[in-house]
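First chain A sits with chain B, and in the next complex the same chain sits with chain C.
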Partner chain A sequence: MNFVRFALRRVAEMAATLLGASFVIFGAMYLAPGNPASFLLSGRSASPETLRALNAQYHLDAPFAVRYARWLEQLLHGDFGRSITYRTDVSRLLADRLPATLLLVFMALVLVLVGGLVLGRIGAVRGGAVDSTILITTALAVGTPSFVAAVLLQGLFALRLHWFPAGGTGDGLGQLLWHLTLPALALALYLIGMLARVTRGAMLDVLGQEHVTVALSRGVPKRRVIGRHVFRNALGTVLTTGGLIVSTLLVCTVLVESAFGVGGIGQLLELSITTKDFPTVQAISLIMVGLFMAVNLVVDLLHPLVDPRVTYGSGRSIG
Partner chain B sequence: MTAVVPLRRPGFARIRTAGAPLYLLCLTAVTLLVLAALLAPWLVPADPNAVDLGNALAGPSVGHPFGIDASGRDTLSRLLVGARTSLLGPLGVVAFSTLTGVVVGALAGWRGGWLDSVLSRSTELVFAFPGMLLAILIVSVYGEGLMAPVLALAVAYLPYVSRLTRSLVLAERERPYVSASLVQGQSGFQVCLRHVLPNIAPVVLAQSTINFGYALIDLAGLSFLGLGVPALTPDWGRMVFDGQTAVQEGYPLSAILPCAAIVLTVVAFNVVGEHWADRVARRDR
Partner chain C sequence: MSAPVSPALLDTAPVLDIRGLRLRLPRTARPVLDGVDLTVSAGETVALVGESGSGKTLTSRSVLRLLPPGAVAEGRISVAGADVLTLTPRQLRTLRAGTAAMIFQDPRAAINPLRRIGDFLTESLRLNTKTPTAAAEARAGAMLEAVGLPPALLRRYPSQVSGGMLQRVMIAAALMGEPALLLADEATTALDVISQAEIVALLADLRTRFGTGLLFVTHDLGLAAALSDRVCVMYAGRIVESAPAGALFARPRHPYTAALLAATPRLDAPQGRLDAIEGQPPDLRTELTGCPFAPRCASATDVCFERTPAADAVPGDPAHLVSCHHGDRLEGSTGHA
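And then the complex of A and B:
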């Protein structure tokens, strides 16, 4: 199967799954027992006319199929509806808050890739005491949830040592980067451990194979064998964890942004849930699922380039 | 002379054999944790919800070995009682996802055909939702209580179990003993239930043990956000959240202890699960 056909098929599959996901997200919110109109009124009693006006404004009284179809149509026009709590367009809320989250996720992703690959490679190549130390540290990292890391890092480096700010986002890009360092580290810690363990395992698998022994016995320098034959071969396995890494990063922003008071979409999701601001919850959930699926698509398309033994349409990578 | 080697089912017996010291240490930790959770009502030195504001943030003392949190509650008692909620939730997730996942995966692997493709398609949809996000969505809709997040996470973990079971069943049904039993007139259902499932059980069990740690992380995260576990119920995730106040005041003990409890529990379950998985994998080589 050639690249174009494979890519088209995967994009079509992704669109179908995304449609299914949108149905689940919208359906779940539709079934919710709480009535959004009562949150709009925030406890005040309202005349029947006010209620009717509210229902008409937010289309709360239309049947399910009509509301779902309208919601989808608006989505295709880039309109996520109006936030019930903030009384403004959800797309504007997202535009304000998405950059901070994307920067945070990007910083964490860089930390994960650099930390995970380097640690995993060192562990596999060096062996001995270095390897054991890395194994134990990464085992601890894998057992540390992002919010635990957030509270501990904040307590030690921000509140006790005052090296970093304890929360917020500051003004300007430099300040923003400075404020996001600890949150990014908290977000990345667990995944650094996971990626290091996956990389180490994949490299050890390759190290035991015959072509490595042959290359070494023929006098190819060890550095080159590790870099060209072992690490390069292991990258294919590592790549399949890409989807998992990005989805974990996205979801954990909810916890880390709340702990550090970073005004991104993670914190917005938490706030919208407590206030039952359904349009915002729907939009953020859909964005997270969409980003996650886009990354999976890219991983599927990249896999044969990184590992030529995998051909388009043969194995499917896992999320 | 040739000794008759008894053919033994490579089942749970392999799991019980002694192993590395780290594994034994973690197995002990898991046992102690479960015991502590079971015996919590008899072990607690004080009522976990009794408030003594005058003593808030007091350090360790004879009456309160781990000190008192920012709301004036005994930390040790809350840790012990919190172990019950914090372990019961993941247990529910693992039990539910394993049972349904094995049924779904075995059906898909054994019967194949349209059933297989329908199950794979729906599995893919669940895969598109990161587990935590699904749980957050469900909790936001159905509100307080442990049941909703546990069911949501179980649904999110189900595909992992069913996919593993499916591939194991597919491999297992190719083995000669399956056709031998079928030729002898046993029904496919019987072969599957009495031979195939017990043979793949150790692998699934090892995976479920590892899933326990992930489920604990996810559930603790939810209660850190104030979702799921009801407000007054002691829970490790909630304790970390409450502990943030104490950290800001400069008395981090009541935050560090639940953090440590979570990390140690997850690590212990991971080590035990991975040890089992290694053992089973070695048997197959």
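And then the complex of A and C:
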């Protein structure tokens, strides 16, 4: 019961935040220097009639509040407006490009979770030289921005070793997965390092707690103690980094998609910003904010399942 | 012995027999445990008393081979016939899951807060024997009832239960494997006075019902007197005096025991000042020659600084052992000056 109320409240909060974000996103584009019409004309001089026609077509002459209200109304009907650059519906553009991005982010997320958790766990449990090696490698990974990782991976595995394609997306799912492997790795590298360090630290923290000694004193095999108590208890800390991980993936996918020529919404966002394609930039920004908030909602909903001391809502027990 | 135990139990071999236990830690000048001898018979309660750092907790943890990293142990610890220090890992797990169990000081820290109480109780049984979950949970419910708790607690989390109840859960967990020996390491120290009394009563009751040997580690002399058949006083890694509880409190033979008693607040003598023991226990980084208590001892003579006293029986009382060159000097003293 409590869960439903908590979820409903959080969804309401999310809608309010999304509304606020939409205002900032819409307003920010108009704070940027330049007039959309002049970008449409791209430097060409135009007669006042053409200018007026353009302004009317894109509603550029209406007051800000009116334009914002009209934009919101369209959004509620699932209409993101028309792209100025591509002369097509933004929703069409997104439908074409969102799957590649989602697949890329998902692949990177799997790499981050598997790589980060496994490395962190090994480092915490094994200690010694193994731990030092993991600490040094993860420090390098954390210090490598995703666009640098992209260039390095491209140079080594695509151009020199020819194991993977250097860019593009290919045809069919198999080809797509193969093409997205290097970009996903570039996207994941920093976060693998980050998550491994967080996991290692959290596990070392739990390892020092008395209930671990108690479990061993009761004859529970070490392996099971690590899994059932140490790793399990460290998951709470790991979960709180979930929002950070996904937001980092969304931000870095812009750079990585551009570097590998992956036709996703990251690359689209970059192109749209350079061409001042306002409706497209606004739509993508709003979708990223929405995705980020959805992930944080899921993290908050999962937290009481991972840690029974955390309860849904304020001060209310779930027991 | 005044223990309310059937004579048949006392005839059996001791459930715990420690002989010459010597434990060295890395980067220390002398062994932190230096020749500890200790026995606990079936159904007997032995209190191990001493200040912080005297080695009492290390002694009880050694019984389960829960040694600090880098520790080197010599001597012999035998629990119900098993030589603890030479067991294989598998045999050690069997010992820990069954024969001997420890009750820890702070139940809040000793029980994983993220797992249900039922999981804590049944974990060792399920993972070490082929006991099905249902059977393990039935036994856990029965053990909860044995310590006076409702079996419904199985579904609860530790954070939903009071500290006193949680220590009962800890005891129920220790009873899960039908142990011959219970080790209680300051098991009541973290509790309020009411819960403390309840836990002590429960431990005394369990001893009579299950015939378990109990090694009760505490710094609380009053508690040791109330609960135990025999008391061992520990100082600087050695047992300096060991006697039936009544004899030890009435006629302490070791100056340290006497000083410890004098430093304990008593309800029947509220007006007196407490006599704190002057000086500090010896540091682990310095070598020791002679009696470890000599620098703080009022009765110390030259011999005390030269030779280490051996544990000798008090004349006429073979159960009263004291390691002091002048063990006869305190004869007749009550320990309260």
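Keep in mind that, in the parts below, the second predicted complex is superposed on the first by the 312 of 319 C-alpha atoms of A that agree within 3 Å, B and C clash if a C-alpha of one lies under 4 Å from a C-alpha of the other, contacts with A are read in each partner's own complex, and residues count from 1 in each chain.
As a working rule, a contact is a pair of C-beta atoms (placed from the backbone, for glycine too) under 8 Å apart; a residue touches a chain by one contact, two chains touch by 3 or more.
Everything quoted here is computed from the prediction, not taken from an experiment.
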Between chain B (first) and chain C (second), which does A:55 come into contact with in this model arrangement: first, second, both, or neither? neither
Once the shared chain is lined up, is A:137 touching chain B (first), chain C (second), both, or neither of them? neither
Contact-wise, after the overlay, does A:214 reach chain B, chain C, both or neither (first, second, both, neither)? second
Using the superposition on chain A described above, determine whether A:20 touches chain B (first), chain C (second), both, or neither. first
Just to be sure I read the superposition right, which of the two partners does A:270 touch: chain B = first, chain C = second, or both, or neither? first
Now for A:146: first (chain B), second (chain C), both, or neither, which partner does it touch? first
With both structures fitted on chain A, tell me whether chain B or chain C touches more of chain A's residues. B
Kindly list the residues of chain A that each of chain B and chain C touches, one partner per complex. 319
Residue positions on chain C within touch of chain A in the complex are 64, 66, 92-98, 101-102, 104, 106, 109-115, 123-124, 127-128, 156-157, 159-160, 173, 177
Interfacial residue positions of chain A with respect to chain B in the complex: 17-18, 20-21, 24-25, 28-29, 31-34, 139-140, 142-148, 151-152, 154-155, 159-160, 247-248, 250-252, 254-255, 258-259, 269-270, 273-274, 276, 281, 285, 288-289, 292-293, 319
In the complex, chain B touches chain A at residues 124-125, 127-133, 136-143, 213, 217, 220-221, 224-227, 237, 240, 243-244, 247-248, 250, 252, 255-256, 259, 262-267, 270-271
Contact set on chain A toward chain C in their complex: 209-211, 213-221, 224, 228-229, 232-233, 236, 306-309, 317, 319
